[in-house]
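Order of writing sets the labels: A, B, C, D, E, F, G and H. Residues in every chain begin at 1.
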Amino acid sequence: MDPRKLAELLEAVRDGSLDVDEAMGKLRTMPFEDIGYARVDHHRSLRRGMPEVVYAPGKTDEQLLGIVERMVSSGAPVMVSRVEPRQAGILLDRHPEASHSETARIVTLGSVPEVSGGLVVVVTAGTADIPVAEEAALTASFAGARVEKIFDVGVAGLHRIVPSMDVLGRAAAIVAVAGMEGALPSVIAGMVACPVVAVPTSIGYGASFGGIAALLAMVNSCAGGVSVVNIDSGFNGGYVAALIARGAEKAG
Amino acid sequence: MDPRKLAELLEAVRDGSLDVDEAMGKLRTMPFEDIGYARVDHHRSLRRGMPEVVYAPGKTDEQLLGIVERMVSSGAPVMVSRVEPRQAGILLDRHPEASHSETARIVTLGSVPEVSGGLVVVVTAGTADIPVAEEAALTASFAGARVEKIFDVGVAGLHRIVPSMDVLGRAAAIVAVAGMEGALPSVIAGMVACPVVAVPTSIGYGASFGGIAALLAMVNSCAGGVSVVNIDSGFNGGYVAALIARGAEKAG
Amino acid sequence: MDPRKLAELLEAVRDGSLDVDEAMGKLRTMPFEDIGYARVDHHRSLRRGMPEVVYAPGKTDEQLLGIVERMVSSGAPVMVSRVEPRQAGILLDRHPEASHSETARIVTLGSVPEVSGGLVVVVTAGTADIPVAEEAALTASFAGARVEKIFDVGVAGLHRIVPSMDVLGRAAAIVAVAGMEGALPSVIAGMVACPVVAVPTSIGYGASFGGIAALLAMVNSCAGGVSVVNIDSGFNGGYVAALIARGAEKAG
Amino acid sequence: MDPRKLAELLEAVRDGSLDVDEAMGKLRTMPFEDIGYARVDHHRSLRRGMPEVVYAPGKTDEQLLGIVERMVSSGAPVMVSRVEPRQAGILLDRHPEASHSETARIVTLGSVPEVSGGLVVVVTAGTADIPVAEEAALTASFAGARVEKIFDVGVAGLHRIVPSMDVLGRAAAIVAVAGMEGALPSVIAGMVACPVVAVPTSIGYGASFGGIAALLAMVNSCAGGVSVVNIDSGFNGGYVAALIARGAEKAG
Amino acid sequence: MDPRKLAELLEAVRDGSLDVDEAMGKLRTMPFEDIGYARVDHHRSLRRGMPEVVYAPGKTDEQLLGIVERMVSSGAPVMVSRVEPRQAGILLDRHPEASHSETARIVTLGSVPEVSGGLVVVVTAGTADIPVAEEAALTASFAGARVEKIFDVGVAGLHRIVPSMDVLGRAAAIVAVAGMEGALPSVIAGMVACPVVAVPTSIGYGASFGGIAALLAMVNSCAGGVSVVNIDSGFNGGYVAALIARGAEKAG
Amino acid sequence: MDPRKLAELLEAVRDGSLDVDEAMGKLRTMPFEDIGYARVDHHRSLRRGMPEVVYAPGKTDEQLLGIVERMVSSGAPVMVSRVEPRQAGILLDRHPEASHSETARIVTLGSVPEVSGGLVVVVTAGTADIPVAEEAALTASFAGARVEKIFDVGVAGLHRIVPSMDVLGRAAAIVAVAGMEGALPSVIAGMVACPVVAVPTSIGYGASFGGIAALLAMVNSCAGGVSVVNIDSGFNGGYVAALIARGAEKAG
Amino acid sequence: MDPRKLAELLEAVRDGSLDVDEAMGKLRTMPFEDIGYARVDHHRSLRRGMPEVVYAPGKTDEQLLGIVERMVSSGAPVMVSRVEPRQAGILLDRHPEASHSETARIVTLGSVPEVSGGLVVVVTAGTADIPVAEEAALTASFAGARVEKIFDVGVAGLHRIVPSMDVLGRAAAIVAVAGMEGALPSVIAGMVACPVVAVPTSIGYGASFGGIAALLAMVNSCAGGVSVVNIDSGFNGGYVAALIARGAEKAG
Amino acid sequence: MDPRKLAELLEAVRDGSLDVDEAMGKLRTMPFEDIGYARVDHHRSLRRGMPEVVYAPGKTDEQLLGIVERMVSSGAPVMVSRVEPRQAGILLDRHPEASHSETARIVTLGSVPEVSGGLVVVVTAGTADIPVAEEAALTASFAGARVEKIFDVGVAGLHRIVPSMDVLGRAAAIVAVAGMEGALPSVIAGMVACPVVAVPTSIGYGASFGGIAALLAMVNSCAGGVSVVNIDSGFNGGYVAALIARGAEKAG
């Protein structure tokens, strides 16, 4: 699918340096490695600028170790998300050089080199939103972004955000993490010039419906510039923000 | 059900000034008038401090005129809500002294005397929320409250609310009307000391689901002191606020 | 945001008793204290008439103790809601003078002085609604209201509410707590002249959907004067009622 | 499926009075008449004690007339429900002896003979619920029940139901019709000894969700003895009540 | 609310055999006993023909024992529903004469005398629906009905219901219990002449949504005569059926 | 993506009969034609065995005519679904040889040659489901299947399906179309050996929620062998059934 | 219901080789065996081409063993689905010859003979979808289909599916298993000519709502030829695919 | 709220060039203009880099003209979204220099100067999604972005996107617009390195629920880098993308 790769391949066929069966084979097996229960995508870091991230839930220990093994041996940095403490222990036993954040539920081996440009700011409405925010911050760091964090500035006491206006104003992208009524992203988007990535959390009870109320509020934001990721998806919030910040960088 | 009325009745029975059958009859027919399709509740203004409000939708013209007729003849002020222009025309033909607000979809004949005490402030997030806000304001006025209105102070430009802080600070109750993400009540409740009655509106589109997103946001407000009424129910928002303001008054 | 504070500050700047940098600093740091994972809002009791209430779920023990510590040291009364027994134990170890209600899941240190005026009445439909009702009652007491409680007067046996009509008639605000079909607030609002704050509970099964059925019923109440808070939110039910009762008082 | 019919048929086969192919044919075609777009069920009145009722929506004029034609020609009484005025006009043109209730949206030709026993009482919460109640009442009458109607006794003014307690106490089945919060069936079921068939209506707005709020409330009734039919289904409400009343009769 | 009681009371007042204060007192305290956490309704068996049923969930052991104690001492039969094994043990310790069905989660002390008339038939679609069916059957028996049970006749093998047609044909009311697609009540209602009380169960997975799919199917039944109770509410299914059967009896 | 096409292309490159740029061009432009507002997929009939079907809603007249034009000029048969009468008129004006079914809302030009094998049977629960069934039948015919239709055999009168058992038994695939409680597919799937494609319709009212109740019932079918398509999607019901019938054929 | 059986029976009655009572008895008891808590359907393998599959959840150990016992003794192969490890242990103790797949949660005794024709291909979007896919594969095998499996080809790295295009192209039916956004079936259906049976899984979090997001996506597939089964229903996915593949076979 | 403005103001107060009352006044009235029904936010273009966009629905003609008038007179470019044809006519009558796109439902007066940097690419799944895509494209252009458009590359014919890979690879941000199953953003995000802003549309029917199915699919995208805006919100999709592209530019 990468047009340049395809052109090179076709030229090799024309040159006779590659026969048709070999070309067919290359076209089929090149971009990933099939290990039965998973097809590890070594090309992703080229194609997307980010190594593949391993989502831990639902994988057996054997599958988790196997996938990480293949990625490590390909030389790319590795990040495993939503890791349970038990899974983290197994990964750290095998790879003692790995880092583990229990709050963010993330294990990393290496990281993408830091980019000099755009800043990602991660903001939470409350203290209980911190784990999701840490997942966002760690993901963005892993992806090469500089990150700053501001916690507990919920809309019921908006004056608490005032001293952080300078930091917010310097951001290339803001990740706004909030549960309950999910109003924080709207309020922030009304004050800044960069995109706001809203992460609804499942913090709340009753009619918060595990984050649906916050998700709906964020999707309906009256402030232009807010886009939304899945409930509790600190990972994707941080990932989208890092992509935005990198764009700001690359343009430099 | 009113214990004093019951005691008087029992005493009249004991005194012989009322026989048992009459007492039974009185107990049954006293508090309302049955006109077939409706049971008009003349006692409500005593029991609840507010005359019964007539909800127009689903009533035939004949029913609407009949119910208003009985209430007018009982001497109480009358308010008809959710009136379509055609229905309003019919009511005004029969009762030329009535007032009609097309924006608020309300027809009134008379009103409850103004109470000297508590102030009701009606606030909207956007311009499109004004009809619901007018319904709230007119209902609260009808119920005897003093009312002030502040429009278009949505959370995407919160600085617009600053010059209205004084008015908000003087309120006995605030009606906060908002659609889309419904964040305004939370923000206001964080700044004031009185109860905030949140009215979600159906303003918005897509995942606003006709006001459900705003309703959920308001029910999940992280700011204590917010309670919620039905979507687009300017009527009940104004009614609850008037009851609160009256309590403030009565206590005086 | 408090206009008088702002005016004083500006005058101090003009007088030269405060230089611009200091003024900037004051404007930024005055209203709260940043302890990293939380921004404790010491001004809330001035601004809202109520100290900040700490919501326990999702906070680590360290965070919970830290936040309470700062609030206690500022001299304000403190209330922690939705406390699990284990958390309560930790709080009581550190603050032996604290009170703990296991039914209401609340820990308090001190309380707002009782206000002489309005009465809050807390009513439940069933016995299983009592824990939510106790949370409401304790919150309202903490906020300075006088409170009376009436339990188990559900609409399937409405005559059971008759002997309590006197108490209901004296209320400045009624908190009506009900699960299942959530009809109690409508019935009570038809009988009294004060606002009714409806608290849906998650009591029920099947199509009660953890309280949604009751929430919807309450939001759709045909009786004017009912407003609604979140499912199982005894806290906000009691808080709103206390604000209403205080208004009644203040007006005195 | 009727065991006696089957036994007779088998005996006829054994007797030689019916050969196997004929028996097969009879078994297949006996219980209905296939007119292409519909299979008219002439046996229903035997099997169920009620003639088939024709549901008008979605049928072309030709289909509607054709189905009614076949039923009339079989001698059974016919009821067509949810008839639009235009459809009613067409039916009355063809069958001038038919009766049409515009409020109940029903056309009937004949009716089931009145049963001497059980009484069906149809109650509504509000005036706007009357059309659904009329559909219930007319269906129950068509099915042979005696019917009485009580309108506008909603739970916000419960004292209005007191003078009707006698009628309610005599009912074999009560059809309770209510929109909005749908509390009426619970309240009535707490006062009577017969089954209450609850009919939620789409009366209301906002979070009534076209009757879902009422439906959920009714399904969650805390009062034993309430069962529920579809939103606005006066038809099925009346039908179930008539079956109950008939049972009471038949037992006599 | 019982008119005859009221007439007697009024006559006693007139006769001077009861003074006004006493009459007021009687009117207030007669119909129930307030034990703080519950208001036990001793009049229910007179008013509704059924003793009050105690719903166990959410009650403390002390409350459960206390309520049962008062009911037992009033001489009425008692039924406790949704009893957990631990609660049942406590009840049986105190009342060794009680009966406990673990499948139906019911404890009873005594029962209403059997009525000679109407038969209740309880049918299930699958084997997994049996616990809900047993709850329905035991409730109906407790309420004095004769009960027969037919299990595992789901619509994917409808011929399995044929041998039970005779029993179904003799029923005064049928309780049809089904999860998954909930089609059984429609199919049965098409074959019989009595009312069918449909009980959706939470049996199923995925898009059965804990019984919502079955509930919706039953509410939308194309077969007239089906009414529906709450998901898994064997109790109310049996209760409604028993009321219907009793009506059939009483009429005799 | 078609491996044989790719191999031929590579061989042509190797043979020198195609140079690299040409090969690149072919790879990019071969499978469809870009007409700005649409990319017409001429290869679909090769790839999928079915020509592309044009979905009319949301297309301007110009777009609709343009897309059909390109498809007609490529020689493939064309089917346009969900055509409004006005759109059909425009298409027939331009292509007088086209066929239009107003009931099925379909316009066709030509059709796939009939396959000799598998039979598709389309069954409806009611008369009002016929338009969706006609869409299914016409789509299956267009796709080359033999089709038979059986209407109005809903589960409230199941005996009506008996005489059609033979036809059902011969089907390679059955399309079962039903609204309301959507029970028909379960019942049929319990009687036959072929796959049943269930099409929920929006026929019904109230809690049918425009077909959701039927969709959920069908997805939860207790009878193995039922799979489901979108509400009112006669098109996809017929399409899936035709693919199954063709498989049966091809295997021959 | 099987017309040939019925004809034979009638002929036996006519011949006198069977008397009427016996015939009645046969008609009633022939097709299943009533063991109280279940009616085991021995005729299903004749009627449907598949033995009845036992759904384990909600069955007691005694019921599970009893049902399997009757099926084994009738000589048919048996499959038990959704077996918990504990239940599997009990079954294997009694029937040591049984097979158990812990991943697929299935126990089988024997299987339907393999059919020589159609191939079923089971594809998953991710590694976490494998258990559901194994349930589908094992069910299809049990039902006599040849099965191939392709795992982890989700739409975020579509090139990973290219080397499997040949296998997909040979399939008579494809089971596409995916959670999260559920896009895989649409993408596959755009590339192949056979029906795609989509199985949504509950893999995901937040707004995946336990598989609802995937279910909705699949039902709304823009690619004709996709039909859907219940969330996580590998069983029905495999069953439908096996029926399709068998049709392809039988036609041969 | 802008810290530099605040510092300047404080310095002016200290310098005596501004007295306290004036300073208070400035702080209150500076950032917007109150015209009764709206508070026009002239500072937004400074604060957010974008002029305020006027949302037309729910505004009266007078309000719409008044708001546009104030914005025009402040010299900023103006964009009005969701304009009905009638409203557009009125705006064009008053401002003949305005531009109107009927497809995109947008009226603009002027635009933000084009930024030299980042490219926004707008992609649709189908032809019916074009109006939403045009709204996105026009909004992004108005906000200064360069825009390219690719239409009708839905996932049922993914090869159609291949020739557009080059354009996609050059994008700073991609707006992916899709209805029905909403799979396009996931597929694109798997192929590119920039953020993908997903816009669900209400295209579809039945269980698409007006775009909910697409919204859920997009929120659950398994491909990192996708964030989502409201259903049919071409406006916010284009707005977010323009902010991202501008960041890329600014960084340059």
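Assorted remarks:
What we mean here is this: contacts are C-beta pairs under 8 Å (C-beta built on N, C-alpha and C of every residue); 3 or more make two chains touch, one makes a residue touch a chain.
Remember, it's a predicted structure, so these values are computed and weren't measured experimentally.
Shared contact partners of chain E and chain F, listed by label, are D, G.
Identification of common neighbours of chain A and chain E yields B, C, F, G. Per-chain CA centroids place chain C at a distance of 38 Å from chain E. Taking each chain's centre as the mean of its C-alpha atoms, chain C lies 40 Å from chain H. If you average the Cα atoms of chain C and of chain D, the two centres end up 49 Å apart. Among all residues of chain H, those that touch two or more other chains are 1, 3, 27, 126, 157, 162, 190-191, 206-208, 212, 215, 219-221, 224, 230-231. Pairs of chains in mutual contact: A-B, A-C, A-F, A-G, A-H, B-C, B-D, B-E, B-H, C-D, C-E, C-H, D-E, D-F, D-G, E-F, E-G, F-G, F-H, G-H. Chain F contributes residues 125-126, 154-158, 180-183, 186-187, 189-191, 204, 206-209, 212-214, 216-224 to its touches with chain E in the complex.
Of all residues in chain G, those touching chain F in their complex are 1, 3, 47-50, 53, 117-118, 162, 165-166, 172-173, 190-195, 197, 215, 219-221, 224-230, 235-236, 239-240, 243-245, 247-252.
If you check the complex, the residues on chain D that touch chain B are 126-130, 151-153, 157, 159-160, 162-163, 203, 205-208. If you check the complex, the residues on chain B that touch chain E are 3, 6-7, 10-11, 13-14, 16, 19-20, 23-24, 27. Chain F meets chain H in the complex at residues 1, 27-29, 31-32, 34, 36-39, 41, 43-44, 52, 55, 57-59, 63, 67, 82, 200, 202, 210-212, 215, 230-233.
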